[in-house]
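Okay, here's the structure, questions in a sec.
Chain IDs A, B, C, D, E, F and G follow the sequence of writing; residue 1 opens each chain.
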Amino acid sequence: MEQSRPLDALNKARNKRVLLELKTGRQLIGTLNAFDIHINIVLTDAEEREGGEVKRKLGVVFIRGDTIILISPSE
Amino acid sequence: MEQSRPLDALNKARNKRVLLELKTGRQLIGTLNAFDIHINIVLTDAEEREGGEVKRKLGVVFIRGDTIILISPSE
Amino acid sequence: MEQSRPLDALNKARNKRVLLELKTGRQLIGTLNAFDIHINIVLTDAEEREGGEVKRKLGVVFIRGDTIILISPSE
Amino acid sequence: MEQSRPLDALNKARNKRVLLELKTGRQLIGTLNAFDIHINIVLTDAEEREGGEVKRKLGVVFIRGDTIILISPSE
Amino acid sequence: MEQSRPLDALNKARNKRVLLELKTGRQLIGTLNAFDIHINIVLTDAEEREGGEVKRKLGVVFIRGDTIILISPSE
Amino acid sequence: MEQSRPLDALNKARNKRVLLELKTGRQLIGTLNAFDIHINIVLTDAEEREGGEVKRKLGVVFIRGDTIILISPSE
Amino acid sequence: MEQSRPLDALNKARNKRVLLELKTGRQLIGTLNAFDIHINIVLTDAEEREGGEVKRKLGVVFIRGDTIILISPSE
């Protein structure tokens, strides 16, 4: 049985809503549109949240991989 | 169907107004003139904003990729 | 006798519960689903802990390798 | 039509006065003499500014690329 | 006479007790089980110490190389 | 006409007195003895300065490139 | 005449007492036993100093290159 690799999890999350946490402490939520091996990410319909509240709408946003802590499909 | 990659989103934003957020907490707005795989960016007609106000005009500006958090086409 | 390499220890921990400590000081606990040479990690059934208490449930989570300090199988 | 790359903007600024902003918060102004793909920069007739005032004269100065935030031709 | 390289010192410390100091200021003590060229380390029977006291037992632990300051065989 | 590269400026400064500023805020002054593409530097007759005063004599000193902000021939 | 490279200075210091200053502000003194192109260092008979006083004895110690600011043969 072939063992799964980390990018498989991102691939499964494509076109789904995901939560991104950044090294600055920010939370972004959006639809995972694209990613690469540097973990550069493009979200669509993205918004920034703070304490569960929408802080601002970002629409399409490119996030540089080295600023990301974690990515979690929001269930 | 071919899956989109993060740089495709930057390519679509070429010659359009974009918002850049830097690790220093600054916001730059300008026309996306050029980018590369390091996410080095050139903006034209750029300005720095603070709390929605123009803080200063920068004109043409080269931004080193490793200082960038996110890039979002301003709608 | 062949000498063991660091990734062998991660391989043995696959599908087991592990503790992750991040540079931000956070603790994540989850089932080790996948890892790569950058130490990018995917956990399933993950939760964040603080002072031994579950702070929040994360489910599936991708963690970027460069944010990780240590990984320890929880016994 | 060929699309411009970020280093083209630096190339156009060669032998012209540019503003450099560093991660330490400093501002250097000088004539752009040389640059490379790491964005290592050499300025001539350089000076450090603080609040619009010349703080000190540096003459020729080599700046390591990874300390640079942005480079802007001063108009 | 062949000159020694830094990894030779780690190789000699294999299966011996070593002290690790991390960039976060923490001290880990354990048996050096494995290392690689990135200085990723696996310790067994590891414990975290603070002021000479055992703070907690970690058992097997993988430590990402870029978080390490120094490694010293404990005598 | 061939365009100059950043390392040309360091090459011209070889065997001359240079000022180094480090990311820690320190200033070193010494004779530029050697450099490489990582901007690792060796100074001879080096001293550390603080507020224009010699703080200590270092003699020969190797400085790791990634700790350097700028290098300027002292005139 | 061949120009000297930074690692030549480390090579000359082999088996001699050197001072290491780390990004954490610490000072280590020891006999330079080994180094590599990442400036990973092994010292023997090493000790940590603070304000000119020996703070603790370390014996053999491996120091990861990216934590080092400077290395100076102690005269």
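Heads up, the rule we're going with is that contacts are C-beta pairs under 8 Å (C-beta built on N, C-alpha and C of every residue); 3 or more make two chains touch, one makes a residue touch a chain.
Quantities reported herein were computed from a predicted structural model and do not represent experimental measurements.
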item	value
Both-way neighbours, i.e. chains that touch chain G and touch chain C	E
Chain F-chain G separation of Cα centroids, rounded to whole Å	19
Between chain D and chain G, centroid-to-centroid distance (C-alpha), Å	34
Sites on chain E at which at least two other chains make contact	66
Order around the closed ring of chains, commencing at chain B, then chain D	B, D, F, G, E, C, A
Chain C-facing residues of chain E, complex	14, 22, 24, 33-36, 40-42, 46, 58-64, 66-67
Footprint of chain B on chain D - complex, ascending	3-10, 13, 23, 39, 65-66, 68-73, 75
